[in-house]
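Please see the structure below; I have some questions.
Each chain gets a letter, A, B and C, in the order it is written, and its residues are counted from 1.
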């Protein structure tokens, strides 16, 4: 039975006994600090309405592309794991219990993976399962979790409190009315902060199939009567202000590459018009998207929203899967990026702008030591985004710290970002991050590179100070 | 004397005593499992004819580009280490004993290298030398190994048995008649499996100097009377079938880049014709080679041969050396590759094809975490090729596991590939791999990320299950 | 108080007690060896004139871009840390004590960084501070260091001796008369070697603003009456000879990329003339710079100067900062490089040239295992440059050894290069390097990959033998 490992107090800590003991001490100083989650994908309505979570499969398997992708790799077609996209006529999802059985059968595939770690921790600490799941006990674990989900203690708001979450940022469409966020903020019985995040990709990226329709709606809703490129910029500024008024602290950008470009207004308007009439070339699209990153930085300088950039993923790599199941279904594949030249136009004008915060993420680990640490170690605006997506895992997080710290120290990092839509995994993810930070620092202490006293301060600053400072919380 | 380290039971295992003890336990569970070698370069005729191995230098030094390259780097001209290429008129190889003396003199250069580790292990465990070799004892070690090579126990078939090899795949020309393989298979006194591998590079790559002549011979031999591009495809299909009938389980492709491309038949035929008449441009060549990778995948889907791709080496980097000594003489130098976009056309059509196995290798470590683990963690067809060539070494193998496991787990790897033409090094290489797998897993156990029970199963699956499953053995 | 860690005898050594004990033993064998510094940026005049060092801020903070960059990143404008460039009319530097206070306030930012480690070591071992610096004690530490700087024992020549420096190479303009070097060499009371290094970037790189003026001066000074491209080559050859006569052992090249190219004389002369008349395109510039690398290699083969190449940094990334503060002010940002194809033209002709030494550096770690170790493991001319600049740090140095050793062993590395203009940091940097080499080797010993006897020889060869051999000292 591998139950014990999920509850082991030394999990993820270094094997060397002396270093482990230092890490235990450091961990203990941050283990009970509240969770600050400045970027993620939980739906605010879930918190607002406080509706019970659905069954185990619908909660933990079907919507989680980390999970379905690896089962799919083992040969299980996706339609046995998740609902086809709505566009698929007459489609119906697979039976939840059947999905759960597939998952339990596939559970051994997750050994050594980050997802497996988060799931096992949830099973143990959230759902109280006292042994590892398995194909043989699939129905029993399904029933046990289902029963828990019906308990009042498993409603989102109670879990939010039990998980000790202080701040939870969501990711939202620029035209979202943010009604759920407002309702939560105005509810005197709820004490957590649920903050919207401005995410305008589908309004900036000409290649997005709905771009022109989105722009129509955007200008109509918030263009102040303006039209064309000018109305478009005005509308973006207005919607950003609306988000700020509703508590947003950041604007997030999922772009193909980190390219930025400053066009003059006339050129930008020309590209915009060409795109609106469907005549933009691939080059136009790249230039316009790069230019809009420049514009977003300009607006962030003006309205104070922290700017976060997530580039370098080839979205929807497998067309057939995309057609049948839509986006975010496990086949976004990273590629090499180059930040140094790409981000330069933006940094020329805003790199030292007062109170501008720019958090740079990457799926290409090679840029951590080569580009991001040097950039964040000079520009006051630039912060190192925490290891993201495929890199949000114990070994990868240690590689990150090793790659950036010697150049940029600890003060230039964003703090942990869980980036998750899996609400129940949030404590496991933050706990894993704290354990890894403690492990890294403990090694530096053991090697007499940082004193114990200073490490005590650093661990608190890394876990609690950094996200508050970087995300202006 | 450094003799003792080659025989030390803890060699390559982690220094931390607790982790080492776990690793010892894991290693002990796989140490006696048979060797499965699904990709390598031993000549089947050596096994068939069971001829004695030549002298120590001709066995261990001259043909091994890992070995001669480092001695060459120290300033010893290659003609003091290996025979010039046959094309060199009147050339004669250096004296074996003189080569061995050069090697012994250069032996300290190999400290810390993978080659040094394999050689030292062979000296100790295969040839029974009880002390490290040295310049001073060069003649003595030459004589000792020479004497061993004359013993009947050192004939290839006996070593094959003593090495506990179950399966050994060779690498063969598509027009090879596979007579040695057939003879071995039909010999009731020999119990190992020696399998051919279809390796068509010189028939697919227009840039190969013998391409057109090869294509002539190919079409003549197996084109079923067809001509041109159609006859060419038919001949390739026929020769693959011939390989399948003779036990082949895989087709291997040494390409410059991992580019793939689907051309329609007319376009492909046009490129083919242009190449045949010597008019292909560099662009044509790239497109045709990429298209033929697509065709190879199509054929693998049809005939079941596992497809393996080995890209990213700048072959014959030093022209003078190539002219004098030919290929595979130590100056193939890796460069950066990008799989994500390059392999996409192939995966669009075959990524989820039933029973298609595609094993992707790389010499560019950066793609392990960034591209290969994400690809293998979604596409059922894609497997992670084991660390290859310069990366087939203790630290590099640990970096590989650390880079891929958190995304793809353990089930998506090919299992160890020795890829060697050095028959006597095979046990040392597999042993090293098993020690590293045990070391990596032991760390996960020590960090409570994998339970001991599960690690016991995983180590056996990694060493024995994976190669059987991935290579359909 | 973290004072103790800077003096801890186990600092930087591995935490595992068994490995640490081996490392201690190895370290003890090299700790007292003289410092050999074959590449750096100390001004020879400082040694020649033996003038006292200025105040603490002017010595340790203002001129050190490693230090000012991280304070700048925290939001302190550079003009509070360093003097604006001379071009800035009427500019005056900040008050030294005020700079020191800023630095002390910012000191916690340096935890975990390489700069922080070097500084702390200097405070402890050079300046005898018995506790860590802090904002509260800024004036006291300023006064304590100031007092030390006035003592005769803190004059450059006494420190040179106390630091146990045997060889110190400077970096010099090709037209420098090397008077300081000559004076030092001719001074019978001074026993160290201070060697010039030929650094012709500003004479080779057409894009350099002063290129044409520099070429005028170069040809006038040393062209032997020749003009144009021929006079230019002659002048370079003559100045190199002048450097050789004054003790230089190497020529250093700070280039954008590692591109090399062999042009025939007529083409090169044409590019040269076009550049002289201000008509060179960006492509011309790249081609000419690449060609001049080929020429520098040719000259090195002839005159014996070791050729070192430092590519891959985007110099002066932030234009405003460059305009106000000039170059080397902390915003040079690395980017990805590719050596394999780029260096090939040079290696075709000179890769096996007798006694030619080519030391290749990189800021892009990915090329260590992928390109540099394979190149250095074949070409007798190629040596692996030590981890440089952002990579000259404990973890990065360990990654370097892990990345290259399994392919290239220990014999193909340059030995440690401090590359510093901070004279007082030299002992700390060499000490850190020795500790890391001992740590890496100790792990190989603990894993029974290298015997203890052999490790004893290797550590001495790495620290003392390699730089002497590679730099022909």
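Things worth noting here:
Operating definition for what follows: a contact is a pair of C-beta atoms (placed from the backbone, for glycine too) under 8 Å apart; a residue touches a chain by one contact, two chains touch by 3 or more.
Quick caveat: nothing in here was measured; it's all calculated off a predicted structure.
Its C-alpha atoms fitted onto chain B, chain A is found rotated by 120°, rounded in steps of 5. Two copies of one chain, chain A and chain C, form a contact in which under half of the residue numbers belong to both partners. As a whole-number value, the distance joining the C-alpha centres of chain A and chain C reads 40 Å. Listed for chain B are residues 14, 16, 336, 366, each touching two or more other chains. Remark: chain B residues 14, 16, 18-19, 336, 338, 340-341, 344, 347-348, 351-352, 366, 369-371, 373-380, 382, 402-403, 405-412, 443-444, 446-451, 453-454, 457-458 touch chain A in the complex.
Across the complex, chain B meets chain C through its residues 1-2, 4-5, 8, 10-17, 69-70, 72-75, 108-114, 116-117, 132, 314, 317-321, 330-336, 363-366, 390-391, 393-396, 399.
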